[in-house]
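First up is the structure itself, then whatever we jot down about it.
We just call them A, B, C, D, E and F in the order they show up, numbering each chain from 1.
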Amino acid sequence: MATLGLVEYADASPEVRAIYDEIMTARQTDWINNFWKALANDPPTLRRTWDSIRQIMVPGALDPLTKELVYLAVSATNQCAYCIASHTASARRQGMTDAMFAELMAVVGMANETNRLASGYQVKIDDRFVA
Amino acid sequence: MATLGLVEYADASPEVRAIYDEIMTARQTDWINNFWKALANDPPTLRRTWDSIRQIMVPGALDPLTKELVYLAVSATNQCAYCIASHTASARRQGMTDAMFAELMAVVGMANETNRLASGYQVKIDDRFVA
Amino acid sequence: MATLGLVEYADASPEVRAIYDEIMTARQTDWINNFWKALANDPPTLRRTWDSIRQIMVPGALDPLTKELVYLAVSATNQCAYCIASHTASARRQGMTDAMFAELMAVVGMANETNRLASGYQVKIDDRFVA
Amino acid sequence: MATLGLVEYADASPEVRAIYDEIMTARQTDWINNFWKALANDPPTLRRTWDSIRQIMVPGALDPLTKELVYLAVSATNQCAYCIASHTASARRQGMTDAMFAELMAVVGMANETNRLASGYQVKIDDRFVA
Amino acid sequence: MATLGLVEYADASPEVRAIYDEIMTARQTDWINNFWKALANDPPTLRRTWDSIRQIMVPGALDPLTKELVYLAVSATNQCAYCIASHTASARRQGMTDAMFAELMAVVGMANETNRLASGYQVKIDDRFVA
Amino acid sequence: MATLGLVEYADASPEVRAIYDEIMTARQTDWINNFWKALANDPPTLRRTWDSIRQIMVPGALDPLTKELVYLAVSATNQCAYCIASHTASARRQGMTDAMFAELMAVVGMANETNRLASGYQVKIDDRFVA
């Protein structure tokens, strides 16, 4: 079979269960989404990915909603269907309104457009941006 | 010659000068960066791009700093060197601190990583994200 | 209709059948996957693509498993769902274990992350890497 | 050293020289651009790449200018600086005017924008596009 | 819910209906595809996107079929499933034959291949392409 | 100023110096490349990135050379100039020969080509790849 199965809580090792528990506690929820159940096939990657996400997505100089908006912007740019679906849900949980989503997508679209205009026109970086 | 030249203010048509004036007024600055000078080779694209950016980047449901952070996140994801340089400068102008930049890059890096873990593991979208 | 149909063996021209036969012989299998059946709508592309793949994927300085791992790494980076599915299967056939897959994905994820950290931080290439 | 050198005509093997001759004849020019001089470090890749390009870029259902425009569009989308430079030159040779270039870039920018709006909004494919 | 619904004509505001009417008139058709129905959740983006597309895709220095081929080339490069489906249909409407499609895909594939050969071999841009 | 400076060893905090020492020890070298000096502007990202790389790139089910080849394949796909330069050097250190590099690039180019043929032709995933 080509794809690995999803590791359900009932079938998980104590090591994986501990991480699932951390995720559910941190997110104040009672379920685990498929991304983590897939990574659980490789506990070290599950551990490292969760630890990194937990460390990066906490409130800091940027608030959690801003971080989720950025996550969604990157996912839309990369055409990752799973990530768009899951991080739209995460951003909603952090307070993203319909109006915020619409403006976010407008910026993402615009940036993807001007990225190609800049490269296609072979625009040289201004000295002021380097100095 | 392969690349088009940059259209300087002194050499610009009245139509292009009017747009340059609008850009400088909107940004409260006295210079035009190379991106616009390159687009000025095609006035309709210059006009449309400036009008779209002006319309999209105004304060709305998202504030201008958040929009610039998203713009920079997309540009880093796409490896657009010009856009990274220019939008780092724009984000700075909107108040991005070193700490914000560092957290932004951490999120961008993480999202690009998990986007590939999700696709590589062929993770199916959870029903809850669809319903 | 927007998409072209799949060219089944029974309906294929002698030219296409000959290529299908080569593919099945080379892979020691008795079926043709959809990628080739779609390309068969354009026999010159089918011919050129198969010849290139056959030439490139043979054992050489790199062994076939390593080549399949690289193929899968590129496909995951590009979010090509079809290619991820088919090259996961190919890599399995060449001996990829679950542990190898897990390590491969960890490297792919990490590379995609640091690619954006390097561009976002605008890191200049070290002289030692150029000399 | 990290990068391979460029193989100049004077230093090339007879096999590589023969390909250089083919390229110069086909393009009615007396020089070889760096792309081919780099690939010449691996003669089989040089051979296969040149044969494929020659086969693909000939006049057919699409004329050579249209093919060069498409090549440039892909290169701008992928942010490949070398390819943008070289295929802008190729398209110029095939007759691309400034006005054509400007319209091409407008389409490329727009497509990159709407690609992300479509993915970000998670738009389902219409039945009519599938049937 | 993670995704926004599609705005059907019957439920649309007068502002959105007016744009739907413009789209159907311009395309000489009696239906609206899902892309627009999704964007209609944000009327300013719907308005701006439609106006830009209408302005960009008109006959000019490049004919509408060439523009649709470029649009499809970008969409295939970006792996945007929705856009590939919808712009294959648009290109068909503009006269794309099976033979044109096949040649287009061959160029797109080739460009994506050589884009990576150029970057991987770290090929320096020739002076002639810069001067 | 738009870009952050590079943190040299002499100017680094004890926390950063400790990481630099770990990197030099692990790589049996006496210098630090610019990537780490840039990340050092954000010690938590420097720490996390180094720990992840160290954990991921060790010998395991895949050997270090294979992992570096995959890293380089991803970097070439993403057009990350810095990463291509630095990971070409790393792969050389792990034993990549000219012949291996040439074959690697051939696979990377081919995968990028067929990724777009698969998406452009809208190829459906075979049941055998899913089951």
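The working rule: a contact is a pair of C-beta atoms (placed from the backbone, for glycine too) under 8 Å apart; a residue touches a chain by one contact, two chains touch by 3 or more.
A quick note: this is a predicted structure, and the numbers were derived from the prediction, not measured.
In terms of the stated touch criterion, the partners common to subunit C and subunit E are A, B, D, F, listed by label. Chains making contact with subunit A as well as with subunit D: B, C, E, F. Interface note: subunit E and subunit F, two copies of one sequence, contact each other through mostly matching residue numbers (shared numbers exceed half of all numbers used).
Ranked by separation of Cα centres from subunit D, the top chain is A.
Most remote chain with respect to subunit C, judged by CA-atom centres, is B. Averaging Cα coordinates per chain places subunit A and subunit B 21 Å apart.
Subunit B and subunit F have CA centres that are 26 Å apart. Computed centre separation for the pair subunit B/subunit C is 34 angstrom, with centres defined by C-alpha atoms. The set of subunit A residues touching two or more other chains comprises 2-4, 41, 44-45, 48-49, 52, 77-81, 85, 88-89, 99, 102, 104-106, 108-110, 112-115, 117, 119, 121-122, 129-130. Interface residues of subunit D facing subunit F in the complex, by the touch rule stated above, are 2-4, 41-42, 44-45, 48-49, 78-80. Residues 72, 76-77, 79, 81, 84-85, 88, 104-105, 108-110, 112-117, 119-122 of subunit F are the ones touching subunit E in the complex.
Looking at the complex, you find that subunit D touches subunit C at residues 1-3, 44, 48, 52, 55, 129-131.
Across the interface of their complex, subunit E is touched by residues 79, 85, 88-89, 92, 98-99, 101-102, 105-106, 109 of subunit A. Contact residues of subunit D toward subunit E in the complex are 2-4, 31, 33-35, 38-39, 41, 45, 49, 52-53, 56-57, 60-62, 66-67, 69-71, 73-75, 77-78, 80-83, 85-89, 97, 99-100, 102-104, 106-108, 110-115, 117-119, 121-126, 128-130.
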